[in-house]
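Working notes, structure below.
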């Protein structure tokens, strides 16, 4: 229990040396700093991972010069981006143009807040966790739309519109597949969802419908993060860089960062909802809760890897194929699946260990 | 979800089923049998209307959200009948305009959805159901108003309707929230004892009134009326003018006579003022209209002012006379709108001067029109007279003689513009009269029903007695 | 079917049959048959009434009472007394004469006769109803066909006239409605059930304050159709534009509704109100009498002359009614009848003259006695009756009125009476002026064309009007007796 | 942590973006030219206005999304409460989804799901 | 319930929101802005319900449920209004209020 006690210790210590208001302020600042760090580190790490995985798939080495095994490559990229000039387009809507990154970053950050890294490492265990996640993740698309629209660039605009139609379409499937699982748990609170999984991960509890829901969730989650094969938003061969064509330097980095964090979030949610989050498989390390973070990250990274795998496996979809996939396949499947799950729960056919 | 529940919801369920059947029809229809939707919808809805006359038990559902009793049930039947007439009268237009564009089914589905909303509205037992009913009845209408997508005016009507209705319902909503704040419930039954006079409740009542005032097109909320009536397809205009208005008045009456009864000394004055304003404004604006639809729009504003005369009483007599008047008003206004519809569908003419010499070419249509207008004006022996007379009696029973006096002055003003139409049809001769044409079976049935209603409702008194007997259950 | 309901049902049946008529010939035959039967019915009613009256001293005879709207206590309640019977006979005769006069109605004949008969139904119903609501219904039924009759078949500014007439009369009826409602809500004796029945309300004392409030409303409501000054303006325009038969019916019958209503409703039910307001309305009525007479002098259009003389004569009726005594009332009712026949006769004759000369302008006519002697002669007779020559009905009526008026104890009323009497002189002036200009003297251009003598149907119409004028004039006591008998209960009520 | 966490994270996001922007402004080079500010259009000068009229398909999907998103909003409470209610909740959601499914079918049939 | 903030402050906020909506509805010249104003009014109502429910009558969830339905209805309303506005725009290439005032009195 050591690493988790730290927070409590700090908490107690803070409140013992300072007046209450100041203490909580400091504590909050600490939390913010910790999460910002996670945010940045995760982002940088994922970018690196992506490049390495891509290289691995293509039988190349990938970044390997900066730092040991190229580990500092993305760090260097970040510094480079920081020093780049910030240019803007003429006639752009300056206010919205500058506002857009806030939307994407804040929504990603807030989504991160509700992710349970472990039983104790959980900043914001709200009772409507999943609902909150669905809600907050749809704010990101506003940033994308604003960015595209305010850039005064046709590519950006088209990219943004495509992104809009794609994100909102697939959001339905994300929501519905998560709801399918909520039917089993009867709760939206992420900690409770994990609690339920102590008697078996949900993907096992709900067997067939849960598997369908998982697949749907991964597909639509990938689409929602605008990743390949659903990346016609930023299809470089058609649209330059898509909605962030006119963003440079640090401002571009925000979108880039947010995209990877979103990928992490999607994977984390999938890991939490379907694979028991920080629970160890079959409870093998139940006695050592410190390993929760490890299990959580392991599962998440596995799913992240899966998403990267998609990228190099499937060709990019055309916009009509993309919408057909969602509206004519995923959505009806999801609706039926929901009913199936409801039936399962009603008839008590779920599996419990 | 047992049988008894379903039986209480019978009207709504059957409406919903019809809408779904039509939806299925649309999904599986092909180009050849698409036109069949008109007959299908009308026959189904006719059955629904006929079945509605079966007795229904009294009861509550969903913990009091939905309630029904003989009075509400009867009013639903009135609405059904009205909508049936509207559908019959619109059949030809749908066939001519919408079926080729492949949009015929939607017309019926939206219309029935709106009716469904109204039925929930008048059956509501709490403000949530009330709000949902209100919105469900308005939104499809906005879509319908904008239904002739190739006409600018139709879109204009649609946007005006949706924006102003949204404003009104927003204000109502705010009023409901304040009412909820002051009394802690949204259920009528619980509110009934909980309302007391304090500034918050009064404010809540006034705000709440806005939404219904909008639907009834009382004067501060009437701005949309004429434009929407003119721009929207005629069937929609007639629906707006009678069905949705009638239902709104009915629920307004229920709410103000039961829930808000403790504030009666306040809303009496409010109604008094609005009644006078509405009558005068509606009538004065109607005087100068040249477009038949606008003309009927203002006339229907004025009629709303008359209806307030009955609402002001807060008694059983008021309830009975108002319902009776609405029933008559449905028939009269639909007769007038029906003729406008028939002529517009056939020739596209909607101006008053186009009607000159109509009697010499289309005597039957002009007779129907004359009956309808006389009924609207309140001339015996057609039904409208009885409706108005009883409304005035209701107002006079509370001692509002001066209000009645103002109302009769308005009746005279209104007679002038109704006679303008009669003058055009009967007195004038025209170089280019509307040529003779025969109506479709549906239109004929639609018009004949209205004529029977206009002639029979007043002279045949058991109808009023029945309404009166049911009305006494409200208080 | 009782003898009175027949008066409503039969005309409606006639209308139904008329709907099937294809041509002018069919239409006028059906209308003629229908109206002849109506005359038969009314004559039959007269004898039945006289028989019944000798054994029965109820206020109203042949009453019938069916509940209509029970919550409002509205009944289909009918019954007649002598006054109603007399007016019913007047109506049926004028309608029949109207059908004769309209023998050559070319334009939309079917609709014309239907409107005419609907109008007469309204009038019949009005005269026989004992229920205020029913009365009001028939009142409006009688007014509305006028719009079509003047608007479609009229001449000159017919649309304007039709609109003005309809709106003024309907406006009046609207005011009347307030009055009726006022009466209704004060008709419950000590919290008893409210009623529209005239006889029952008469038994109840309506609170004096209410009477003072609602009497003027009711009075004006009815008096407008009786052409009370200053609400008479619809009448000349309406008459001038209306087709002949309609003018006859209008002046002969419809305007009587006013006097009858004032008498039977306003004054009977609200005696205190009457006493309180009578001075005001007497001034108006007297002024109307004089004004009508002087206005008639100034006119050159025959119809306008007759219209203003109607205003004058009917002003006299209201004037007499307000004098509140038996003799005056008797005179008022005889005046109603007499004026009904007389003015109908005039309008019929004016119509015939117009048909032949195509003008109604007196200054352009002259020497008609030479070319159309029958019509001219009857015009002279009508004129003499109108200015109150003994031997004709006008004399009996005006005699009674002025005698009654002078019986009034108050000096101010007598002064008003003197003014009203002076109108007779003026009447003589305008009647004789017209006769002199139009019938005597040399022929003028409009009179030169060869003219058709009066046809058989025209003569029939004229005789129908002429006979009662002479009849009343020669044997007034018979009529007076019937009327006085009927006035009796009113006397007790009012005085 | 209570609900104030959300404010903390919001502020953290604001601080992050603002701070990084500030930093970047501090250390990045600044030069300005017309060419730099011109919108990018594959190396060509831009043609016509940028904010072009979009095909209606986008809006169509947006509206469809609205329908189903609101549906999810209603399903959430249902899903949470489902276990405790049982049969009746199942029937109700069946009706709900049936009507929605018909709506989807209708949109399908009408070609609203086709990207033209 | 938020500590340190009483119902009065929250209701003041919603009232301000409400009147901003009304003001916007009357003064805005652009149909979309008008629509947004209407949404402000609706949201003011929705927030009101939640606040009142939470602060005054926390036992029964009437207000909460109501607000969910308000959101749904507002969505439907917006969808419909936007569709009509798009249709208008396709015809007259404008979403200005003055351009959709062809019918007057």
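Should a chain be cited, it is by its letter among A, B, C, D and E, assigned in written order, with residues numbered from 1 in that chain.
Rule of thumb we're sticking to: contacts are C-beta pairs under 8 Å (C-beta built on N, C-alpha and C of every residue); 3 or more make two chains touch, one makes a residue touch a chain.
If you want to know which protein each chain is, UniProt gives these names: A = NADH-quinone oxidoreductase subunit H; B = NADH-quinone oxidoreductase subunit N; C = NADH-quinone oxidoreductase subunit M; D = NADH-quinone oxidoreductase subunit A; E = NADH-quinone oxidoreductase subunit K.
Bear in mind the structure is a predicted one, so any value in this text is a computation, not a measurement.
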Original post:
If you take the chains that touch subunit B and keep only those that also touch subunit D, what is left?
Top reply: E
**OP:** List every chain that touches both subunit C and subunit D.
**Re:** B
**OP:** Write out the two chains that share the greatest number of C-beta pairs in contact.
**Re:** A-D
**OP:** Compare the CA centroid of subunit C with every other chain's and tell me the farthest one.
**Re:** A
**OP:** Indicate, using Cα centroids, the chain positioned nearest the centre of all protein chains shown.
**Re:** B
Original post:
Roughly how far is subunit B from subunit E, going centre to centre by Cα mean, in whole Å?
Top reply: 26
Original post:
Between subunit A and subunit E, what's the gap in Å when you average each chain's C-alpha atoms?
Top reply: 32
Original post:
Distance from the CA centroid of subunit D to that of subunit E, rounded to the nearest Å?
Top reply: 20
Original post:
How far is the middle of subunit A from the middle of subunit D, if each middle is the mean of its Cα atoms, in Å?
Top reply: 15
Subject >> Residues of subunit D touching at least two other chains >> reply: 3, 62, 69
**OP:** Hunt down the residues of subunit E that sit against at least two other chains at once, touch-wise.
**Re:** 76, 83
Original post:
Can you list every touching chain pair?
Top reply: A-D, B-C, B-D, B-E, D-E
**OP:** Could you please specify the touching residues of subunit E with respect to subunit D in the complex?
**Re:** 2, 68, 71-72, 75-76, 78-79, 82-83, 86, 89-90
Original post:
Residues of subunit B touching subunit D in their complex?
Top reply: 1, 20, 23-24, 26-27
**OP:** Please give the residue numbers of subunit B that touch subunit E in the complex, ascending.
**Re:** 126-128, 131-132, 135, 139, 142-143, 146, 149, 152-153, 155-160, 162-163, 166-167, 169-171, 173-174, 176-178, 180-181, 184-187, 226-227, 230-231, 285, 288
**OP:** Write out the stretch or stretches of subunit E touching subunit B in their complex.
**Re:** 11, 18, 21-22, 25, 31, 34-35, 38, 41-42, 44-46, 48-49, 52-53, 56-57, 60, 62-63, 65-66, 69-70, 73, 76-77, 80-81, 83-85, 87-88, 91-92, 100, 102-105
Original post:
Touching subunit D in the complex: which residues of subunit A?
Top reply: 28, 31-32, 35-36, 39, 81-91, 98, 101-102, 105-106, 109-110, 112-113, 123-126, 131, 134, 149, 151-155, 157, 161, 164-165, 168-169, 171-172, 175-176, 179, 182-183, 186-188, 240, 245-246, 249-251, 253-254, 319-320, 323-324, 327-328, 331-332, 335, 338-339, 342-343, 345-346
